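Note that chain A is present in both complexes that follow, paired respectively with chain B and with chain C.
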Partner chain A sequence: MLPLGFLAVAALAFALAALTLPWIAGELSGHYYHPRILALTHALTLGWITVTILGASYQLIPIVLERPVWSERLGRWELAAVTVGMLGVVGHMAIASWPGLVWSAGLVAIGVFAHVTNTALTLRGLERWSFTAGMLAMGFTGLVLTTLFGAALGIDHVRAFLPGDFYARLHAHVHLALLGWVLPVVLGVSSHVYPMFLLTPHPSRRVVAVQTTGLALGVPAVVIGLLVAPPLAAAGSLAIAAAVGAHVGWVVAVVRSSRRPAFDWALRFLVAGTAYLVAATAVGVALAFGVVSGPRWALGYGVLVLGGWASLTIVGMMLKIVPFLVWYRVYSPLAGRAPVPGLADLRWAGTEAVAFVALTAGVGTLAIAVGMADTTAIRAAAALVLVGALAFAATLVTTLHHLLPCPLRAAVRPS
Partner chain B sequence: MSRRPSPASAAYVATPRPAAVAAIPAARRVELDVRATIQRGEEPFAAIMAAVARLTPDEVLVLRAPFEPVPLYAVLGKRGFAHWTERRADDDWVVWFYRGEPTAAPSTSAPPAGATIDVRGLEPPQPMVAVLERLETLGRGERLTVVHDRRPTFLYPQLDARGFTHSTDEPEPGVVRIVIERVGP
Partner chain C sequence: MTTPATPTSGVTRADIDAALDTVLDPELGMSVIALGLVYGVTITGGDVRVTMTLTAPGCPLHDVMTQWVRTAVARVPGVAAVDVVLTFDPPWTPDRIRR
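Let's turn to the complex of A and B:
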């Protein structure tokens, strides 16, 4: 199945990023504009976060939009282009080879445009635009702009042509990716899938309106403000904070009203990711208003955003999505004809628990350690994150092994 | 069955133990306690349906749960099981599922045209499992109406592969109705 291919590549990127963490503890105690930190950042933002969202969207689009994806074949080509491009971007960043970075970014751009084309042709003629569909459209627009911006930054390294301050462009690119691409997709998808997981109502019109307005006003304000007018970025950060606040308030409400008798580890990851989103937003607003500043705060902020909010949320979503995809592929043809396992039977609760404790504690410790520029503490926290990432990988392997041929399943499979 | 007591269960009224239940000896009771499973956050639906599938014709399932498993009544009722529920405590419910005096279509005969199954409130993939299990008892030309809270995008390919036709509409906001008919053998 197409989504599983994307999710497998993303999980590998996450595991590889975690593997490198303890070895770049020294770099993480310095300035964030370092080739290896840039490589790590893109392994996370491009390889882990973006590839996950692209893959998950191929599962969610048919559910949310109630229509099949326009072309699965295009999706497979897209996966190849994005994977090779991502490896090229990360590898060339690590060795600071800018010409190689440009062609790699070009491959990523081809993959992204393939995805957006596929999504646009799937959305074509959609009669009823839900909040989720609108957020996906906003997110994919942000992804295209982020990709173009990133490619322009890469070309600028080879032949300088962009005006303005270098760091302003870098910060704008990062925030366009986080706020214009990742945040709308997470908010939109959450509003659809959390009620499915937690058996609770969807967000109210007021909550949806605050989130939509906050992003529509906040994202352009933050990005343009970072480029040319810092006060505008500060105002935009408040609009983003309002959108985040509405989302967090809704998550708290649905968790309280959930009809589920107990939380599984996936839901705990989603709640922990939301908690990190609150912390990251607070630091982001403080940075925008100049209450705090400097590379230490910026690196800590990056850890909270990428390692805390985005990664924990994605791990939680994956622990829900991957078992379902595997179950659907392997067991749905047998359902009704033979006893089939439930989703819980495809998981390994022990490794999920280890992953939760190690990742949530490790990321928090890492954010503090990079803020203090303490190499020893960074290495210890990175080791904890690595343990969590490996436990997460073991959980996925446990689930994915059901895809392997099994004589028992073959015996009961209908002809 | 991942639900806490619903409004329906809040209206639970204790009834005397039916004679059919009182006469069942211990040897014919298959007991399944899902309280620990639910406490761990896991879904007991598959284990329950597996236990039901293993029941011999003269056995009953005695299910113990931390809340009244209201959705199961419809699912197993359509398979020919009646139920009797006793509340021992707010978080300790015992439900006897036994054949005879069925609350819905009996499993020993084909379900009537127009039979309905309500899968709202179930977490994926439980709705799909419940519908496909119910469809296995559907005869040629007979219909099953599924009441769902969303369009079951992943169910449709299974219906097509198994020789069913289906149509979907939304009789009211938030309620999706799928009418399924067996056209193949």
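Let's turn to the complex of A and C:
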């Protein structure tokens, strides 16, 4: 149940972020450095994306690393710390209360430290370091650095001590989170689970080498470059683009060669997320080389990354993980003893379809609308995203209701 | 690695395959037979040994699938005992899926 606890908190954060979107259309047509946009961004990056990955890792690490998590009890304390800390960070950002933000960030840091400790002790003594294990290690290193960087930015608001340009630090923090934390985890986990979903081979050694090298060179170059040497950031963006290109090429190949009989909505979300990754990378490289610039392009880029690539990928993963967790808990004890539903029977395909159309179209429209600074268009696109988020929530509720006691299941369940 | 049924048990490979065809991967909706997860079946009198694999080592369905196979085969008339052996040598590949 530990992963489900994290995923429930993350889904609520996503719903909360989607609910606020139409109401901050005015702010989204202005500059991105605004308390409410910062709050929205952290509801997504911290509440939605990070909490999902932390929870999913408690489900996926035993599969990927073929060993149990070191301590589930520590994971429960971590969930409490991260949830309260995330709410504090988002709330204090929305009202621009920096001392409260620092204390909340400290709580998040404690939760992150607990997770990294748990993962490190799980990885201890691992004999065969697969690509996925390496990417997880890289990602959790990025998470620690992002958390420390974010806490330092918060403290700097209370008592200035950081050198250099404010926006350079802000941009470096954002890219450390996206490229140093989220991207390695997504690349690493997808290389392991996409073949399980699609019944295809794992990525070749060459593809894996390009992704590893691209991230190992690109992430430090982009972050350090944004802080002190812009040309280095441009070079780093090319290395990141190479890693992304290798990943996308592999995803296209496995989708085309899939042996799976039916392509469900979860897989469509994963493919749509990959398509948004291509668009986000193209805009990111253009920003790094100065081909495009300014807050409008930066906001559009943010929407493509957070709302497009990261969110659609997470929705797809969640539509796979949640039904599995529920099935495993409720129906696996009955397998072979009574007819049991498949995972597809635990989903609501109608709401999944609505979520897919509304989220993929809504995010694309929102990226264009914020780029044009058109408040009316932003509000309309935000409403579409909200419809998609609510449909996604309805799908999850449909699945989770199977956890409720059922007399028939109780009759067959072993005592 | 298939052994024909002994005259006394009456259990045939076709009976066992039919039973295994009811064991479904819940995510994929395909049976262990269709996925090519069954590497061999040995029938000795009423004793049946199923050697099988999973799509990936560390698969979270490890215990569920082996128990499901054991239960399904045990229901075949004439089967006295079932032994399920899980192996990852050779590892499963998509080429094993039945067309």
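By definition in this document, the second predicted complex is superposed on the first by the 415 of 415 C-alpha atoms of A that agree within 3 Å, B and C clash if a C-alpha of one lies under 4 Å from a C-alpha of the other, contacts with A are read in each partner's own complex, and residues count from 1 in each chain.
By definition in this document, a residue touches a chain if its C-beta (ideal position, glycine included) is under 8 Å from a C-beta of that chain, and two chains touch if they have at least 3 such contacts.
Everything numeric here is computed off the predicted structure, so don't read it as measured data.
Overlap between chain B and chain C is detected when the two structures are superposed via chain A. In the superposed model, A:Pro230 lies in contact with neither chain B nor chain C.
In the superposed pair of complexes, A:Pro220 makes contact with neither chain B nor chain C. When the shared chain is aligned, chain C comes close enough to touch A:Thr200, but chain B does not.
Judged by the touch definition given at the top, the superposed model places A:Pro35 against neither chain B nor chain C.
Once the two complexes are overlaid on the shared chain, A:Pro295 sits clear of chain B and of chain C alike. Of the two partner chains, both chain B and chain C are touched by A:Leu343.
By the document's definition of touching, of the two partners only chain B reaches A:Phe263; chain C does not. Once the two complexes are laid over each other on the shared chain, residue contacts for A:Gly134 go to neither chain B nor chain C. Counting contacts as defined above, chain A residues 62-63, 66, 196-197, 199, 259-262, 324, 327-328, 332, 335-337, 340-344 meet chain B in one complex and chain C in the other. Of all residues in chain C, only 23-24, 26-30, 55-61, 64, 67-72, 93-94, 97 touch chain A in the complex they form.
Partner chain A is touched in their complex by these residues of chain B: 2-4, 6, 37-47, 49-50, 53-54, 66-67, 121, 123-126, 128-129, 131-136, 150-151, 153-154, 158, 161. Contacts from chain A toward chain B in the complex involve residues 62-63, 66, 196-197, 199, 259-265, 267, 324, 327-328, 332-333, 335-337, 339-345, 349. Chain A meets chain C in the complex at residues 59, 62-66, 192, 195-197, 199-201, 259-262, 320, 324, 327-328, 331-332, 335-337, 340-344.
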